[in-house]
Amino acid sequence: MTQMRKLVNVADMKRDWWDDLYSRCRDIIARPGVYADSCRGKILASMFYEPSTRTNFSFQAAAQRLGAGVFGFSDPVGTSASKGETLADTIRMTAAYSSTIVIRSPQEGSATAAALYSEVPIINAGDGGHSHPTQTLTDLTTIAQKRGSIGNIRIGLCGDLKHGRTVHSLVEAMEMFPNISFYLISPHELRLPDYVLDRMKNVEQNFIESETLIDCIPELDILYMTRIQRERFKDAGEYRRLKDVYVLTKKMLDGAKKDMQIMHPLPRYGEIATDVDTDPRAAYFEQARYGMLIRMALLLEFMHLPREHPPITENDPDAAPGECVNPACITRSDTYLPRLVSRSGIDRCGYCDKKVSEMLL
Amino acid sequence: MTQMRKLVNVADMKRDWWDDLYSRCRDIIARPGVYADSCRGKILASMFYEPSTRTNFSFQAAAQRLGAGVFGFSDPVGTSASKGETLADTIRMTAAYSSTIVIRSPQEGSATAAALYSEVPIINAGDGGHSHPTQTLTDLTTIAQKRGSIGNIRIGLCGDLKHGRTVHSLVEAMEMFPNISFYLISPHELRLPDYVLDRMKNVEQNFIESETLIDCIPELDILYMTRIQRERFKDAGEYRRLKDVYVLTKKMLDGAKKDMQIMHPLPRYGEIATDVDTDPRAAYFEQARYGMLIRMALLLEFMHLPREHPPITENDPDAAPGECVNPACITRSDTYLPRLVSRSGIDRCGYCDKKVSEMLL
Amino acid sequence: MTQMRKLVNVADMKRDWWDDLYSRCRDIIARPGVYADSCRGKILASMFYEPSTRTNFSFQAAAQRLGAGVFGFSDPVGTSASKGETLADTIRMTAAYSSTIVIRSPQEGSATAAALYSEVPIINAGDGGHSHPTQTLTDLTTIAQKRGSIGNIRIGLCGDLKHGRTVHSLVEAMEMFPNISFYLISPHELRLPDYVLDRMKNVEQNFIESETLIDCIPELDILYMTRIQRERFKDAGEYRRLKDVYVLTKKMLDGAKKDMQIMHPLPRYGEIATDVDTDPRAAYFEQARYGMLIRMALLLEFMHLPREHPPITENDPDAAPGECVNPACITRSDTYLPRLVSRSGIDRCGYCDKKVSEMLL
């Protein structure tokens, strides 16, 4: 297979690649001392165009545990990026100094754009609401570690399923594994979007939708909690009513399986009561540690890839002229980027995945 | 003895522990090359909820000189901590990624609270006006290095003795060493607080109070200068009058012992004239270096301790309900913390050491 | 020769020193693996009193590729420096923790001042409009790498030659090499200053002045582009007219030599069109990488120098009392600095190089 040089979307992950990655992760867990020098002389560039403490710390710790150095910013204020340099130029400079680049940005498609100009591998650490694949790797690793393998489970996804990038990615990644049943637990107005449900049907993933957390709990092997953000509701009263229904408390665990695992991408803001923290089923703090460990496995692969001039990417000849309608798309600010369209069923913007039919013509 | 897993207060330091620590420090000074790899693969988390350049740099340098990596923040702006995550959750995440956590905070008792939730050792790098034990280690190391040992000295403490956390801690730490005489040199309104003087009497520490620096100088083996902050005075004229009396100049050293050592925690803002800097008795710049070296010895111990789940801490059953009256106490913002009381003579808040009789009942 | 302990000005570089440095750089390029541990246990202090992403990242990457650690700030907000500590005290503290200090400051002469108080080597990473010698090293390395050696070339310098510190330094450094011809390409109002032209005549450097880029291109071995800043023009219309004349496009390369090299200190803001980027003559992205590599060679030298008390510097007895007239000179804020005058033909301020005749008497 072609050597993977970027991790930008969940769709970049294939089963073989995951199996290799996870097997490396298991060895890192088993024999940490062996890896302390494995990226000696290598450098991670950590470019956070918006703050994300957890992801940032996790990558910095991962790189340094392998013996690599780290430079970068956790906020673009005062960088040349903030002074009007293009993303392309900033990436070329950063690639000149580093062995792998991690990029986090509020602009969707940033990591795809970065990869067009980088001599070193690119990792997407979150580009707006679009994609955050190392969070998905974290989730898969936690499930695999706590259960021995990923197949044959009933997983409850609870909270705001409409806006939750984390949940959409996890559902997509689960296509790689056999016999997964989903319990989709949310208020009606925060259901999984139809296009996700349609894809689940297409690939024959089992799911049940429910509005009640407590009723589903006894069935679950994994309960994945997510945040319900106040700003998603037009009506404050509606928010207060729903919020409490989706708060997990120790008492609600009475009917749960003894080996159910409770996960959460963190940070939480009340959707898991603190009395759950001491329950042996609470896996969300370990999840953070698995996130660092799987990132070590990823960096170990990417940092050793040879430096390579990226091929010159031209405009897609069939792409309509004009720009993406998505105001958060990287092509809106970085207008020199080649026009790209991805074609898989529906034509989509090659950066942010917005439907082309919605692009300006 | 029980393995120490945190350094939060001066009271945590026992003589045996200090002797071990200092002996390790001496070996680091004697054979620096031996230690360049001694914390390879380890990570220091450096969490500065308020800026403190000197302490922060000193820990970062110490960790890296041992081969460890460092991540963290020097200011909490833009971190998830600043977005409302609890200290407990932030600490659990940070501990997942690191081998030891250094925490600096304006909130008193933060480090004690952090230690309740951390799988890795906690070092207090200053929690408000409460405690800053590695400054005390710095001072002890400087005295030991410049004089060969710490006992049998006359030490002058000069400046604002009322508010100076550094001075209170040094006096307390000196209880471990024999035959120390203190010259307490300050304006009357900035005398050592009565509770410190009472403790000195209880443990039979010798002291003399004086308002005049110049008269004491000939007696001293160590002169420890501290800052007099303008904001401590109601009357600006009073400030100007007193300020100059407590400024050390080269001329004032005429009557001093040839081997007297001048110390200062730095930064200084005028209380030692720059013409003193080239005097061989000026030890305050070396003091900064000793601060890094003793922190290396401390990190060398802590970074190799095994990861351990902290025991679950319950409310002290005898603690009165309610909250600490100290508005700077960590329990005021982090209300989920278990109620703790420390009982040694007087009952005190288990976090900030404020008297329980002053707690709300 | 005396061991060099600071790199502050281009005048500090001698031909022998450059030859040694560059030969070390070539070996680092040839055998990178050999150097991954060569500064193990060493620490770079990176003190950026104003942001400069590129220079900062480049030094951080360089140090860590040699196995050294890094601490510092990329912006002085919240540091004790920003709270009123003198530069001298900040430097003494920083030197206590580090093996080499890199300093960037908007105040001219800062690095010279820093070197008076530092026990470790000082590198000037830019002090206002005054000096930025590692940019010059970057330029020399790029020329040497792309052409095999530095002598016998025709080099075009294009853009704002009046204000460009980069260009002035490059011209000065080129005095070390034989048979260099300069094409000085700029609008009349942005010509090289007379004092630079006078020095070129004195040392018999060949040069031609021109207002037209396109006419010079066929003659050149190197074309060094620089930015024309809008704020240099009183008249916005004049700016718009001139700006486009000095923008390099792919089309303009038709008449250029096949092996001409295009350089730029970066960041660029439009003065090289992006269609030039894929031309094989575009060397400006490689230039960034050479900048890191030559900084590795420099750090490798400096980090291994023994710690040394700087000699006490007294006021120059012949220096007039008073202060430098340059409002950006470090002596204006740090008034304790000894008065220094450098005498080479014209007497100049020993910090910022402003003529003494312009100093207040």
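Per-chain residue numbering starts at 1, and chain names A, B and C are given in the order in which the chains are listed.
Note that in this section contacts are C-beta pairs under 8 Å (C-beta built on N, C-alpha and C of every residue); 3 or more make two chains touch, one makes a residue touch a chain.
Here the structure is a predicted model, which is why all the values come from computation and not from measurement.
Asker: Compare the two sides of the chain A and chain B interface and say whether they are made mostly of the same residue numbers, over half shared, or of different ones.
Answerer: Shared-number fraction below one half, so different.
Asker: Roughly how far apart in rotation are chain A and chain C when fitted on CA atoms, stated in degrees to the nearest 5?
Answerer: 120
Asker: What whole-number Å value describes the gap between the mean CA coordinates of chain A and chain B?
Answerer: So the centroids are 41 Å from each other.
Asker: Using the touch rule from the top of the page, what residues of chain A touch 2 or more other chains?
Answerer: Within chain A, the residues that touch at least two other chains are 70.
Asker: For the complex, which residues does chain A have touching chain B?
Answerer: 32-33, 35-37, 51, 53-54, 56-58, 60-61, 63-65, 67, 70, 74-75, 266-269, 274, 278, 285-286, 288-289, 292
Asker: Could you list, by residue number, the parts of chain B that touch chain A in their complex?
Answerer: 40-41, 43, 45, 68-73, 78-81, 83-85, 88-89, 92-94, 96-98, 312, 336
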